[in-house]
Amino acid sequence: MLQAVVTPTSLGDLRKALKLAPKATLVAGGTLVMPIINEGAHGISTLVSLSKLGIDAVSFKKGIATIGAAAPIAELARHSELKFLSAVIDSIGSPTLRNMATVGGNLFAYGDLAVCLVALDATAIVVNAKSKRSAPVEEIIKKGVKAGELVTHVSFAIPKPGTFKYAKASRRALNSASIVTVAAIIPLVKGMVADCRIALGGVAAKPVRAKSVEKLLNAKLFDEKTVRAAAAAAAKEIAPFTDAYASAWYRARVTPVHICRALLGDAAGKS
Amino acid sequence: MKGSVVSITLNGVERETLVAPGTTLLNLLREHQSLTGTRRGCDQGSCGSCTVLVDGKAKLACLIPVETIAGSRVETVENLALNNELHPLQQAFVEGFATQCGFCTSGMIMAAKGLLSVNPRPSRADVIRAISGNVCRCTGYESIVDAILAAAAGMGKPLKKSA
Amino acid sequence: METIDTSFFTEERAGSFNTVGTSTERADARGHVTGRTQFYEDVSFPNTLHLKMVRSTKHHALIKKLDVAPAMKVPGVVRVLTWKDVPNNWYTILKLIGVGPDDEPVLAEDRVRFIGEQICAVLAETPQAAAEGAKRVKVVYEELPPVFDVEEAMTSKPFTNHGSNYYIYEGHNCRRIRFGDVETAFKQADHILECRYNSAPIEHAPTETTGCVVKPEGNGRYTIYSNTQALYFTLDNTALILGVQFNKLRMIGGTVGGGFGGKVDVIVEPIATLGAMLTNRPVKYAYSRAEEMQVSSPRAAERFYIKDGIMKDGRIFARKITLYVDAGAYCRHSTYGTTKAAAHMPGPYTIPNVHVDAYCVYTNRTPSSAMRGFGVTIADFALESQMDQIARLLKMDPIEFRLKNAYRDGDMKAHRKEVEGAALVEVLQAAAKQSGQKLSSEFLAMSSYGWGSANGKA
Amino acid sequence: MAKLKGRGVAAVNYPTGMNLGGDPSQALIHATTTGSFVVTLSSVDLGQGLKTVIAQIAAETLGIPYDSVMIDTADTDTGPHCMGTFASRGTHRIGNAVIMAAREAREVMLNVAATELEVDAADLVTDGKGRIHVNGAPDKGIGVLDVALAAHFKHGNTISGRGIFLKPKSTPVPETGEMDPDSCQAHACTIAEVEVDDETGVVRVLKLTNGYEVGRAMNPALAHQQIVGGAWMGISHALYETTEPYYPDRAHGPLDFSEYLMPGPADLAEMESVIIERPASNGPYGAKGIGEMTANSPIPAIANAIFDACGVRVTSLPITPEKVLRGLDALQAVNPV
């Protein structure tokens, strides 16, 4: 049963709190942890809240966005520099949930924003009791953080206009979990794809890079034929699962469809 | 297990409450402050029935450990009909037949209030988005969306008083 | 908002009223919008104990050992109720209208028959202590093979304690409807169309979960604040289960956060009342959302086989229906729903030869029960999908095809009740009109007043 | 990719009440000293509006304003028996019980008024606004308030009434299924228009056009609520809902409102509904039960529209994108484009 809830106001306080309760569970927006707390019999004795640590700011410098891990997702919508993410933000939970759910929470829940961060080649800033390091978000997702570490910020270069692509397939139009999420950066040089990054969510336990799709696109003319052929290669990258929303078969079956839609727009192939 | 005293400005009045660790805002409202208008539909953040405003923003009371919002302002549905005058949202829900069982109503109204405070002239799509985390099992949502739009249109000028 | 097309049945509907027919403001609307409406959970009493149920984690298993001692060690846990505490542990909800046998235990005894079945109830000072206590109760199972398919269940080894995996209707293994002679009619029919239809269980998903608070009044009486859809059903069953006089119990309710049939079962009240009796303290038992979703009775999954004999002119001549209703592990209201389904056949059409076998079948899943459209909703999906297939087979307009077969006043239904007050013809005409579809004069002239009679329009 | 459009029809009937054990409900009515009327029940309002509609029925029969009626439900210490709120029985059964009780109370009220006015009770009418007067002579009248006061304090009369509606038990004949299970039938027809995404199997319901026959709409706005909410549930059942997504496999049962799928406010269909009324001979002012029926016709109408759109006949509910897509794939395999 829960014995304490601590709300540190500085990283120093946080370190002290974690020293006293090394097995404490971190909570930020509460959307992931509190349902477990409310269900009871969870074995959690200390909650440490990240909400007042002061890691909830969004800032921009020389085309680089730096976002505090405790920033509510709704906060992202307030910055014109992040307008390219508006469809992403809109696709995550509801406005009420977005007032609570945080960037860091989405990262570790392997949510749609995490998929975008992989596509954006974002960097995570990680602190522990003594030091600070940075690591690609992609790596953090793959390997997790070490005991005692905390992701405080993520940062990424704002993509060139028109290069960021996103599509999410879900069972409801709004506030619905992902069946397939596609996020991509597709830079074009004279109509040719130059070093693209494509990330997929909902089709494996964690967000994955669709490297074989990227390979088939790079240095190719960006047209429907190329994209369709490349999208089919995604099958190699995914490890789809079955849940209440869709079966593994369905996820695999429609993954190329949604890659095409993300990259080409909904009108793809309408003839 | 040690309790702590948490101070929250609740519907305009500062209230100090002794709570057990991890007490949710929903439990504080319902069990400690007898503000039962905020409903418990899931305790998971999945139904929206407990939507309240925390520092002006719509949030789910069931997901908030009160220790983490000490010093905040919380507004619940009980704060809307002051001086026996229904708030325009409430009036629009009544006139628009936007309630059936009534269990989701408080949350719907508070989510709508959160929307209107930042976007007083919302589009239909804005309203739909604002209540997309609130489950209604009775109405099919249409009347609720209509009522919120009617309230937004009528705010600032008094709505027709029904008999 | 609401349009009433008064051009249908104009004479019959004539009348002058003061308040009937008026869109009066809802009596409860102001309470709802101000949050003042009082639902059962809005009452609270000092010293209330919270009840958390220990549930089966197996589809079908023998309980080899039940150890509640570890739960009692959790600070705040006051008592654990097991089947031995329940005076009349076996019951069935429809006992009050003469339906038997008692097929369901309030708390499981030597075995469990579905995941989520109630095994024992932990009563504690806080919901947290109750949950912790429930987690620590030790149940040792010996698993038995479960059955999940309704047709397989018909012939598999019975797991119920009444000898068959289906309900016996007065000596028959199904509820029967026999009208005309379908087999002879099939031989005479121009076309035969057969199809299977089925559904998965559906949850009522009311926004307010099922629950109650029971308060001992100190005078030997207990007040049950509940969101049941049927107060007396609950009161009477609770008294029977607990072996107390009916007048020891008082139910207060009437304001419910959505029901849809999901709050007709009598699950939470008997055990919460028992807890209140044995501890002399108020007891609250509210389903969590997860319990509401998976443990409360859903709408039954159903499987239909429909075989139709159809004549070239578009008349359905014979309809044979075999229906399997997946009751889950216990009967609850399913026997009644199955009969209701049988009575609904063959749909709102006049068909001279009808044969229905409706089976109420037990499987090792959450017992199903009543839900909005009980016995009818899934049947309508099957029947009307079938009607569409026939219309396509005959290359007829789907509305005209239905008009040709729609029942009229004076027709005899398959369960031998004469039709009166029919209006299928008119809703088809009204929907066609509303959608802009022009019906030919032959179909516009049709009426529920009878075959070949002038229609009910002014 | 193409969005394939289709149209489907379905028509249904629905029984009011379901009676296999006798199906009664009772009501008690009494006047307060000041001419309000209390209807005492043990009936449950699930949100369908029982408390409103029953008050309307009581006011209509008593001949008094709607505002003068109070519904007192539901406490088994005071409220007389009610079978419960299910089987589309509430308005019909309780409405009938209330009419019976209200007639009895009205008779007492008119008798007291007749005594006060020194006229024959048979000559009195109510104006529905709180006054009782001699038919044709609105001036020769008395307020309900004064009648109630007189009944209590002068005459020692209780203005009250008792009502019950009972549909007696019908036992099916085991061999043939002959039975009389219900009181009347309501009717509905839905024409559904859908759009099927041929690459994903996703179905969008564009529009439902509905005709509903309800006996008589006691409160058209509340009938409309049942229609719109019920049709929404129909869409939900058709395309989304189940506790066992891979039935009869028990795995992956949803535990919350995220996993338990229902259309949200952004997934609604345009809806156009028309009500027609054929009053039931045994219904209160002709009302039939409609609460359950409203969910039924949209389901097959949507299934039929999907077939019309893309040639896939899905015969199992819910009609998930996966089932549609597997159907499209099967068609493609047989008939490659």
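Things worth noting here:
Order as written gives the chain letters A, B, C and D; numbering starts at 1 within each chain.
Just so it is clear, a contact is a pair of C-beta atoms (placed from the backbone, for glycine too) under 8 Å apart; a residue touches a chain by one contact, two chains touch by 3 or more.
It should be emphasised that the depicted structure is a prediction, and the values quoted were computed from it without experimental measurement.
Among all pairs of chains, C-D has the largest number of C-beta pairs in contact.
Of all chains, the one whose CA centroid is most distant from that of chain C is A.
Each chain gets one centre point, the mean of its Cα atoms, and the points for chain C and chain D are 17 Å apart. Look at where the CA atoms of chain A average out and do the same for chain D: the two points lie 46 Å apart. For the pair chain B and chain C, the distance between C-alpha centroids works out to 33 Å.
Rounded to whole angstrom units, the spacing between the C-alpha centres of chain B and chain D is 29. Of all residues in chain D, those touching 2 or more other chains are 46-47, 49, 221-222, 224, 233, 245, 253-254, 256-260, 262, 264-266, listed in ascending order. In chain B, 20, 42-44, 46-47, 97, 99-103, 128-129, 131-132, 135, 137-138 are the positions where the chain touches two or more neighbouring chains simultaneously.
Residues of chain A in contact with two or more other chains: 1-2, 35, 39, 174-175. If you sketch which chains touch which, every chain touches every other chain without exception. Contacts from chain B toward chain D in the complex involve residues 42, 44, 46-47, 97, 99-103, 128-129, 131-132, 135, 137-145. By the touch criterion stated above, chain C contacts chain A in their complex at residues 52, 127-132, 134-135, 288, 290. Those residues of chain D lying in contact with chain A across their complex are 1-2, 199-200, 240, 245-246, 251-254, 256, 258-261, 263-267, 320-322, 325. Residues of chain A that touch chain C in their complex: 1-2, 39-41. Within the complex formed with chain B, the chain C residues making contact are 1, 23, 25-26, 28-39, 41-42, 44, 126, 204-209, 256-260, 288-290.
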